[in-house]
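When the chains are written out, they are named A, B, C and D in that same order, and each has its own residue count from 1.
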Amino acid sequence: MTADDLVELRRDLHRRPEPAWREFYTTARIVEELESRFGDDLAELHVGPDAIATDHRLAVPDDAELTHALERARETGVDEGVLESLEGGYTGAVAVLEKGDGPTVGLRVDIDGLPRAESEDADHAPAAEGFRSEHEGAMHACGHDAHATIGVGVLEEIVDSDFEGTLKVFFQPAEEVIGGGKSMAKSEHIADVDYLLAAHIGLDHPTGEIVAAIDGFLAVSHLEAEFSGEPAHAGGHPEQGRNAVQAMATAVQNLYAIPRNSDGPTRINAGRVEGGSAANVIPESARILAEVRGETTELMEYMADNAERVIRSAAEMHDCEVEVELGAQAPSATSDEALATLVADAAGDVEGVERILERDELGGSEDATFLMREVQQNGGKACYVGVGTDHPGGHHTATFDVDEESIGHGVETLAGAIERVAEERP
Amino acid sequence: MTADDLVELRRDLHRRPEPAWREFYTTARIVEELESRFGDDLAELHVGPDAIATDHRLAVPDDAELTHALERARETGVDEGVLESLEGGYTGAVAVLEKGDGPTVGLRVDIDGLPRAESEDADHAPAAEGFRSEHEGAMHACGHDAHATIGVGVLEEIVDSDFEGTLKVFFQPAEEVIGGGKSMAKSEHIADVDYLLAAHIGLDHPTGEIVAAIDGFLAVSHLEAEFSGEPAHAGGHPEQGRNAVQAMATAVQNLYAIPRNSDGPTRINAGRVEGGSAANVIPESARILAEVRGETTELMEYMADNAERVIRSAAEMHDCEVEVELGAQAPSATSDEALATLVADAAGDVEGVERILERDELGGSEDATFLMREVQQNGGKACYVGVGTDHPGGHHTATFDVDEESIGHGVETLAGAIERVAEERP
Amino acid sequence: MTADDLVELRRDLHRRPEPAWREFYTTARIVEELESRFGDDLAELHVGPDAIATDHRLAVPDDAELTHALERARETGVDEGVLESLEGGYTGAVAVLEKGDGPTVGLRVDIDGLPRAESEDADHAPAAEGFRSEHEGAMHACGHDAHATIGVGVLEEIVDSDFEGTLKVFFQPAEEVIGGGKSMAKSEHIADVDYLLAAHIGLDHPTGEIVAAIDGFLAVSHLEAEFSGEPAHAGGHPEQGRNAVQAMATAVQNLYAIPRNSDGPTRINAGRVEGGSAANVIPESARILAEVRGETTELMEYMADNAERVIRSAAEMHDCEVEVELGAQAPSATSDEALATLVADAAGDVEGVERILERDELGGSEDATFLMREVQQNGGKACYVGVGTDHPGGHHTATFDVDEESIGHGVETLAGAIERVAEERP
Amino acid sequence: MTADDLVELRRDLHRRPEPAWREFYTTARIVEELESRFGDDLAELHVGPDAIATDHRLAVPDDAELTHALERARETGVDEGVLESLEGGYTGAVAVLEKGDGPTVGLRVDIDGLPRAESEDADHAPAAEGFRSEHEGAMHACGHDAHATIGVGVLEEIVDSDFEGTLKVFFQPAEEVIGGGKSMAKSEHIADVDYLLAAHIGLDHPTGEIVAAIDGFLAVSHLEAEFSGEPAHAGGHPEQGRNAVQAMATAVQNLYAIPRNSDGPTRINAGRVEGGSAANVIPESARILAEVRGETTELMEYMADNAERVIRSAAEMHDCEVEVELGAQAPSATSDEALATLVADAAGDVEGVERILERDELGGSEDATFLMREVQQNGGKACYVGVGTDHPGGHHTATFDVDEESIGHGVETLAGAIERVAEERP
């Protein structure tokens, strides 16, 4: 059963979802929680710029957005000192617990929200029970509020356990834009990690299921295109315009039509587009924010190369210019069998866990792969764990929510796994 | 030569462009100007809701935008009483000058700006001379700052002239969205107008040219489409989404491809589009703000019917819903020959006017046509006058500007025409 | 009233429609008719290569098609000597009648059919009365069967008239592909023509109407694009293909979406497309046969330039190659007033003609403009005459047909005009 | 090593490729070969309508095409009696060899060509060595000439072997259009088959490789769409047309853009399209021949449902009608392990076979699955074998060719497997 205080923490975070690099309140709240719960038990607590490799941040929003989010966080009355240290969008934290001799085990949880509005339906629990997002147009629609909470919960379990070794919990920002994983993977804190666990809630697994190892991470790359044309009066001189919205629409249609690849799954999405100014002006500018994915890096690059060609020729077709920028990227990764076995074993002891799957395919992307690969390249082992939760709406939709019962399942499974890892050093 | 005070007024208005129904500062500034210049000489001064038929406003923006614009106007220190009366987006004014027995002559000028950023180039006079737009993302890119100024200037000329009759100057809001013409045409103020003049600066005619009568107004209709689909995780479950951006892009491509019509010119423009939220979410919503035009109402309706069918089937194609709303519309209209002759005659007396064209085709749309048709249907006469001005950039582009010399040409030509009209009652 | 023998001739030609440069039977039948009717009355009769400037033919089909059509003509038993002279697709004829001193008057009629199937409906007169096309997939869907007949009829009228001068009747091939006009305009036969009349039946004018002068010929250019990609097994390796049909489809969509032009009417049509081989092969080739038109040559070129850019970037977008060829072109032209007056005068004397229009706009294209401009550039005059006819289906559709009554109207109006021209030498 | 007579047979078949249901020469030639080689050794020889379930043929071409192909076959001088029995497109054959008591083993080989032109390059062996396709626009681009040859070769091996049981060789027509498999699966000849082998050459495996069992057959469905609009003169009245080519192009673009599915691989191809008649006629008709595939029947249906919706709304968008027909379909199937083991074992004994793969994924479709499922549903076992061959060009491309050495590998491997099956009855 999930402790009431964890439920409360999760709901507080849920109420204030902050997208990538704007996790000001979130980070400050986590720091507050860690300090009040563990105080001097924590050997180290690295916050903001100290938690990440600052020059490896990806997909950082512009100053106006950062400032707006920081001001909003300030109004909550959360610790001003912490907020100051995060200024400029250096969010996240790494908590280090040292308990005697033993291996260094890392746990990575992500903490950011999504830029989408949350449902106001009476059926939607956060709306019904009063912890719906207070940030208009933002939402914890992927359960990272629960992930952050699990991070705190696991620390609490381990503090009081027989675990011998060092536990580092990485509260990672900006996962949704594939923006934070690399900066944590490149930080000094990862270098001595022998074993890394990461976790995600939901993924179409119901409450009571644990997936010991998740694989099938698609490599992913963001892609941004800015089309520039020429405005003109749409009634008076349509022929004098160079229509950036026509270019954009042509590109969108053809992006989705990039041929499927027999080497494996690929993905494409023009997730955000906009263009033009007013009905009576031939649109002079337009923009696509897209992403491509592939089962392997090669397949992702196949998509990216095709996408870029499509975009460039769509611009040319409508006599426009275009700037294409490949944005944040994440590689694929594989969970180590040895860790998976221990996770499955730990899950077996957790009350409420009724079904344990050895392995499942994600079919999505995750920048936890940066950390996993870093650890594996250093000779360590990594495993990505799935924690089932009943979620009424799909991930990233307005009615996504988690069954809070599963927070406890996650905490206990991961804590159990961490203890076993320290004992068995697989 | 244009008086310095008019140049100053024009530049002040230029500095604070306000798009449709947000002409708070603009209206208040015009009222201030009218009161300080004419005081009790004005028989009536109708402001805001008193100037228009309030239930015939079209294309009114939402409350948030109205409030934002009103607050911005407040910060300038302009008359608070006037601002209060405009609250809710009831902008514009009608000034009435009574000078003895004679016909009622109307002059209609429009006062709104456009939602587009202004050039910062050193070549762009407003930037170079310090009166560039202070409203980010808004600009007087069609010369309505000069139009409002001409309205004031004409009143000044007529006050001191031998004119006998009544002059009503209509400072009309929201022309750019075809939103204000109807509400002025349906107001009580138009009912007794015997002759109506309207004017536009530029239109590819250089400084020193006057077009006595402009015709060829295209009938126009706005068209707004809201597509609704279903979001889904773009990596994990693309097949669960119903992609509103794909629907929108398909619609855009096919809107521009509606067949040309052998009965006369038609136009289509998807001037503003947007959709989706984030790169990794299948877009659940998208929006097109478009306009269609035609030489006749039939041709405009040909385009509107086709556009609606295209949009509906694009939604269906991608399993989305769509709401299509026909927005603001304006009819076509014709300038009366009898008035045009007097305008040409008046222009002949204006210093600096070197070329007078009898007639030209606009090839665009204008909601002055609502007022023109209203007057003509009441048995009166109407004429739309072109006042040439050198404009470096095209209408609606970032480098549009007027040659201030032409403001004087406009003032004197229109004032001269108004005097002749009162005398000759053609 | 139309003479029975002319009706019979028209029906015979209707039964054997021959598209561009394949008018083998048609030419031979016309020659036969001319010889049997006029014998030595004709001063000259130029056939096939002698009638045209052979190196100015445009849009000539390939040898296989020519041979097939020639063989088909042979089977009818028509004069083998004539057919032999036409071999290689040199069709058409020029008949010269000399009747004393006087000006040289030209009459141009076109003789080719269209590559489209004819209706089999019982409502369709040619089907009901047994003279439907016997050439599968070809049809006289634009009345050129009637035009050729009118040419013969006019000669007959003039032979027996008081006309003094020379009459040349140009039986022109390949009008539908804009392929024959230039080769007749560049032939020696046009050089001494002082006055040129050309005529078209129908054009949405009912039986009993004559349009004395038709203008508004759109300049036109054909455009052919051949896309080349790479085939691949559509199931096994879709990513190895370079899909020419995708390129073609993208091009088609964007061709129709080339911006309308405020300088005047434009047109575009991708009238024939094809691509790919089998369902399970990624299409390696595709082809578009298109045309662009404009009120002026500049407007036509505006369309052609845009079309070429669209096509090239569509190919690039799908990693294909493309060859774009601008094909046959025709200029615009204007009918001379002086001739129009005489035509109107002549029409006034024709029984059954109830309405005479001075002028109308075609809104289409015609390679008669080559001949008209040639004569006008030589100091002569030209006029294009419309002969109304009730046509159940539109031009170029499966149910197009002419009211045979109108053949007589055409013959008499044109013959009358020719006599008047010789007399009045306007 | 492949026997010279088999090479000769393969080349003769290669020279006269006949697409689906037009395998007149091919069938007659195979019959000739079987009779001359085995004569009375064959217990039964079922030809044409006797070899298949005649009412289960799919994707049969029209009479004109059948007649043309039959006439062409007649000109070769092949047995007229056989040809007559095939009239109407009832092609294929089943040869039955009875050799004492034992199980009934089936071998299925396909015999049809593809409607695509063959390379004339000097590098292309059939061109260089004089056995390039003599049928313009048709080609054995998928190795079915070799398959038919292997069928004959295996019979020869088995005739002289110790095999005890019954061997049935199915020479199946119309595989490329998924048209023949069902009609053979539904014939009486399959009912008593205990074990079925099928084989394909190439598939990106080089000479010397044998794949004992191929799986991953994608379920497939053909899809044909006929768009009907309204023709109009493209210059005179474009607005009167209803453009079927625009509808088709919109459909093509959006077909390829059907969302990828996270449940498994899908495919779509608009492999053959055409539309319109002439450049100056708004196209009144257009046609798409497409196919969809999926790893499972559900995935194939996901594609088919989406494709149908795309096509219908594309028609509606352009005010056209459309008829959509789902054509030939084939299910997926799985090779039985027990047979695969025997195939691998047999391959181990074949000279020249250097690498044996247990299993591979096809990633394409095959209507052999109809026969495989039929046998499996009757309690039998089936296995699809891959015979490696160096092929310079990909399957279905102009330069596809087989290394004739591999024909021998196929013959010996399959014959060896058949003997083992009879012995071991797995």
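Methods note: contacts are C-beta pairs under 8 Å (C-beta built on N, C-alpha and C of every residue); 3 or more make two chains touch, one makes a residue touch a chain.
All values reported here derive from a predicted model rather than from experimental measurement.
Engineer: Using C-alpha centroids, which chain lies at the maximum separation from chain A?
Structural biologist: In terms of C-alpha centroids, the chain at the greatest distance from chain A is C.
Engineer: Using the stated contact rule, I'd like to know whether A-C or B-C comes out ahead in C-beta pair count.
Structural biologist: A-C
Engineer: Averaged over CA atoms, how far is the centre of chain B from the centre of chain C? Could you give it in whole Å?
Structural biologist: Averaging C-alpha atoms per chain gives centres 48 Å apart.
Engineer: I'd like the Å distance between the centres of chain A and chain C, where a centre is the mean of that chain's Cα atoms.
Structural biologist: Centres of chain A and chain C (C-alpha means) sit 66 Å apart.
Engineer: Where in chain A do residues touch at least two different other chains?
Structural biologist: 236-238, 243, 246, 250, 253-254, 256-257, 259-260, 262, 267, 282, 363 - these are the residues of chain A that touch more than one other chain.
Engineer: For a test of understanding, state which residues of chain B touch chain C in their complex under the given definition.
Structural biologist: Contacts found on chain B: 253-254, 256-257, 259-260, 262, 265-268, 363.
Engineer: Could you list, by residue number, the parts of chain A that touch chain C in their complex?
Structural biologist: These residues of chain A touch chain C: 236-239, 241, 243, 246, 250, 253-254, 257, 259-263, 282, 302, 309-310, 313-314, 316-319.
Engineer: Which chain D residues qualify as touching chain C in the complex?
Structural biologist: Of all residues in chain D, those touching chain C are 114-116, 176-177, 203, 218, 220, 222, 230-238, 240, 243, 245-246, 248-250, 252-253, 256, 267, 269-284, 286, 289-291, 293, 362-365, 394-398.
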